[in-house]
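Below are two complexes that have chain A in common, paired first with chain B and then with chain C.
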Partner chain A sequence: MSLAAEAFVSQMAAAEPWPDNAALYQPLKDDQILLSDCASSLAVQAYLRMCNLPVQVCCRANAEHMSPSGKVPFIHVGNQVVSELGPIVQFTKAKVRGHVSGWGFSSSDLQLCPEGSAVSPQGHSLSEGLDDVQRAEMKAYMELVNNMLLTAELYIQWCDDATAAQITRPRYSSPYSWPLNHILAYQKQWEVRRKMRAIGWAGKSLEQVYEDVGQCCQALSQRLGTQQYFFNKQPTELDALVFGHLFTILTTQLTSDELGEKIKSYSNLLSFCRRIEQNYFQEQERTFGPLPGRQSLL
Partner chain B sequence: MAALMDLSCWGGDWGLPSVHPESLIVLAYAKFSGAKLSIQPVDWTWRTLTETVPALHCEGSTVTEPAQILNLLRKQQYNADYNLSAKQGADTMAYMAMLEEKLRPALLHTFWVDTKNYTSVTKPWFSSRCPFPLNFFVPGWQASTALSLILLTKGESPLNSIADVEAKIYNEAKECLNLLSFRLGSSLFFFGNTPASLDAFVFGYIAPLLKATLPNGQLQQHLKQLTNLCQFCDTILKTYFDVSTQGKAMGSANGDHLLLGRHVFYSSLHLLPGGLPVRQDAVDTNLQKLTQLVNKESNLIEKMDDNLRNSPQHRPCGGPSKQSSSLSEKNSTPA
Partner chain C sequence: MGTVHARSLDPLPMHGPDLGMHPDDADLVEVEPETKQEVLENKDVVVQRVHVDGLGRTKEDLLGYEIADVFTAKNLIDVMKKSHEAREKLLRLGIFRKVEVVIDTSEGEDALPNGLDVTFEVTELRRLTGSYNTMVGNNEGSMVLGIKLPNVFGRAEKMTFQFSYGTKETSYGLSFFKPQPGHFDRNVSVNLYKVTGQFPWSSLRETDRGISTEFNFPIWKTNHTLKWEGVWRELGCLARTASFAVREESGHSLKSSLSHAMVIDTRNSAILPRRGTLFKINQELAGYTGGDASFLKEDFEIQLNRRLFWDSVLSASLWGGMILPIGDKQISIADRFYLGGPTSVRGFSMYSIGPQSEGDYLGGEAYWAGGLHLYTPLPFRPGRGGFGDLFRTHFFLNAGNLCNLDYGEGPKAHLKKLAECIRWSYGAGIVLRLGNIARLELNYCIPMGVQSGDRICDGVQFGAGIRFL
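Moving on, here comes the complex of A and B:
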């Protein structure tokens, strides 16, 4: 989308309150969705829950092709369709909260907000309280996660032949019949491998990728330290993104457990994931639906 | 520990020891950590084609990416990061990722994809540094690599054109520069008073952008407004590279006197405002605006001169237009 169109869309977005029927689209949960897509989707869901914005998760086999940028997840809010965490964060910042009662805040369950969670009125961003240096750090760490964790996930899924043959290609093409499933799977693999070649990851071995993930987790663990969230007591989009990726890696089974082991060696990251899961996904499960986790890819 | 290490890199110009960002990163880090490298510029050799630059040759093994080279130097006990805390080390990784994701595509675009810059600055420079017949295709091959990297990482669907992505990557790059400026604040280096690997990376990416003369340089204009980043570059150049106004190459060059002479010769031929140290200490905003207005006026005067020269009544005379162009270049120096 060009910049002028984006500015226009955010102007329109600012005019309307968040509707009740906002939907988030992702590939099929049990059969089709891959590690990287699930991580991105979970990050967006966590972010929206932190902002107290209700959204319905819809699983569609062609979610990737419906998305305006070709990447999942994407949200359908009112008249607009926005994909990927970065644009969604900007979109929600522009939104103005409508009438409180129109959303159902009167439910007694939701009035009790768990300790440490950010009760943010809509239209406010989670990173409002940060100063410039902190915001720079937050953006830098989000890029670190995107650059390292997401790229490593893509590499392991598509560039490692064992995983690609046993898990990724069958899962990616499961909704389609022969010969479309082969064509789409190999096309996607070719695209991802091309991208890896361009950014210089094609020459890496699997061990090097695991080491990079380990370094990334070490950096995140050192940054988190003993705090509850990355920036003081309030979660931000960085927390949502890190949670999405780490939780998905921990609860997904691949051909080897090494990724999960890397994360488990940092106890503060584990407790961070558990804390966000408890605060944002379990207590509101009745209203928002179950957590899309605990899947085993075998 | 004191193993002999050779570094292959591109040569220098515009007041920098090297114009290639990745090579510059390694050179800066070597200076910060005190490593002694013997520099082998690949200019005018066939290694422009055969070798991935920069490359560090040490005891028979070769390491290529800047991050890997820095790792190797650290293993050889040349560590500029030893007094960083764990959190600062984590911050380094995060900022390096941000530089690569947000700033590098726009830098590649500015130098290699933007037509005006490529045809007037990058391609002549690199072609002149490659032996025949490589000068015909090495720059073109690097340009197409740059374009494909930008499209694959930033293009939203596989077949998007570069025009759609341009605005997005420049916006992200400007935001990244702003964030770096916020983080640097008023301190000398990013982590206190001694430079570390993050400073090397930032310097490597920013210095060519700052010092090159680009006809189409919106990112350069933006960078020049961030005075603390400009000062940061100049401090490093003055302290670690001992750069004089003629654009002399770095001190640890290994006997390439002929190349040194050529560098001095070429850089003294151009009236490069970027070669002079930029004094940004007391720049008033109004003065900046005034200078920009003066520049615009002198550009208009130049155009009028061109029109006059092209009109059939007047014969072409080169004197007044050359004077006005050198005047306008001198005016743009303090900006």
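Moving on, here comes the complex of A and C:
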């Protein structure tokens, strides 16, 4: 689709309210999903809960191939399919929460946005309260998490031979039968290793990667300080992203515990994760379902 | 006695019902007139020796079967006929470029007065041949580059490599073919292939990489094929706007299936036959030899042809099929049946009948389609005896239905479901015959019984293909 057509379609989509049957697709929870995918999926789930937008989690073996960009998770809302946290944040900013019929809204405190679409207090974007400097800072930290943490997760999963052979390849290929399982696992491994070579991570050793993760955690911990969330008292998409990655690393068993230990050494990050888990995943458990708990991958 | 030559005929050997020579298609032999009025037919002869000259890498035991019949000839006309048949058999092997037959009187010490020597002078094909063809499939065209190694090990084995670049598909394949010496109709072939296809009616893109082993053999008048096939299938959306039902089918799967096909073909030609019937039945069982797909698929095709008054032909055909899932896995969109288009129910767009979601056709699990055609020569018969004979006018009536079945109910419910909401169409047009391979049609169609969701193509519709309803 041309850019103009895409913009038109998103404008049309923006006019529709968030439906009740929105679904989020990710690989199979017990046998297939990998650390990096689980982290990304949890980040999106946390973000949507923070926005108070209900979404049902569906597990499919071919979720990665269903996604329009090839990455999980992706959400299916009405007629739209959007994948990855960045585009999903953009998409939800344009959406309206709740049922809207003409001008007779049931809720009393509604605000009108410049475009003319009504927004209810729960549905507006999480980062609206930030000024430009803070927004730039938030984007910078999100880039840090994506470039450091996510890449480190991919490196440990696919480039470390022990982890790849014992955990990653068997899990990735579990829905397929022989010999397709080996072909797909090796194909994906080759692809990830090629990407690592392109960004210059191929020469790094495992210890160096753990060091990098430690530095990233230190930066996050310093920014967080003693605050509840990264910016003010309201959570933003950065909080969702950091929570997704840290919580998954803490609750996933790999061949070694070093990654988890790095995070545990910063107590404010630990309490941050616990806080978000309590606020967004436990009290709404009745409506949204339980959080993915400890996964033992060995 | 003078020497008698069998005339060399040029057509290349091909598989299929057109293999045999028909009395009305070719002359047999020329006989030089004798100055003496001897009645040759009644003279008893004995074939003493049969030579094959010009063999290079071909093993001799292979040819023994083909030329054995010549020894049984009793008189001269019989010898000529049998040596002509042997020549055809040798050409059919596909290893000789040219075969010439020389019949001469025997010479030498043990020569009988009525003894004959038959010599086949053969020219073998080169070890490596290349070819460049254009191919017409079902409504698509493609350019095919081929490399062929005929007679690789000396017993008519053939190795082929093909690369095909087409409007819809790109593919390559490697195949190895080996006939049983003496019984060319029994053969084994092993194929390795990669095929990609684009299906805009379903917004689907499919890439198949597979290997198959096929075993053909005739039993009495029928031809059977047993095949094992293992395919790695990769499905994807053709456009960002594909419906979610098609998006859900994306991904990789492995199909390992055993199939059996039986063909009885008494038609005189595969394209525009004048008489004869065709009965083809095919079944495929997937899942018991590994793989992800698990189903039982049945498919049949019947065609009856009959000549009527004034050189016109009435043709009736019926197609049908059903696929049953085994276990609780749903049938993949790549295995389902599709219906509609210029090569099946005319008047509808290509494969645009049946279950659909947001404009993408998903195919169905059971279908039937029937056609009644009347082929007549062109009005006023222009170009008669030459070019005009390739054209026929045709009047047709097509009908069909495609749906998904609810397997909990019995067969009566299935038949009832297939009988409701029948799509049908009628019309007339012109058919052009392209050799023995394909046919082109230009029809004016009027579709009827259109259900909501079907896409029609009423008015003029063009079709090209090999297999038409």
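FYI, the second predicted complex is superposed on the first by the 267 of 298 C-alpha atoms of A that agree within 3 Å, B and C clash if a C-alpha of one lies under 4 Å from a C-alpha of the other, contacts with A are read in each partner's own complex, and residues count from 1 in each chain.
Criterion: contacts are C-beta pairs under 8 Å (C-beta built on N, C-alpha and C of every residue); 3 or more make two chains touch, one makes a residue touch a chain.
Computed from a predicted structure; not experimentally measured.
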(request) Using the touch definition from the top, say if A:D132 reaches chain B (first), chain C (second), both or neither. (result) first
(message) For A:M66 in the superposed arrangement: first (chain B), second (chain C), both or neither?
(response) second
(message) Tell me which touches more residues of chain A here: chain C or chain B.
(response) B
(request) Once the structures are superposed on A, label A:R194 by its partner contacts, choosing first (chain B), second (chain C), both or neither. (result) first
(request) Enumerate the residues of chain A that count as touching chain B in its complex and touching chain C in the other. (result) 68
(message) Which stretch or stretches of chain B touch chain A in the complex?
(response) 65, 86-87, 89-91, 93-95, 97-98, 100-102, 145, 148-149, 152-153, 156-158, 164, 167-168, 171, 175, 179-180, 182-183, 185
(request) Would you mind writing out the residues of chain A in touch with chain C in their complex? (result) 1, 60-62, 64-66, 68, 76, 81, 176-180, 183-184
(request) Sort out for me which residues of chain A touch chain B in the complex. (result) 2-3, 68-70, 132-133, 135-137, 139-141, 143-144, 146-148, 191, 194-195, 198-200, 215-216, 218-220, 222-223, 225
(request) Show which residues of chain C lie in contact with chain A when the two form their complex. (result) 232, 236-237, 240-241, 244, 247-248, 250-254, 290-292
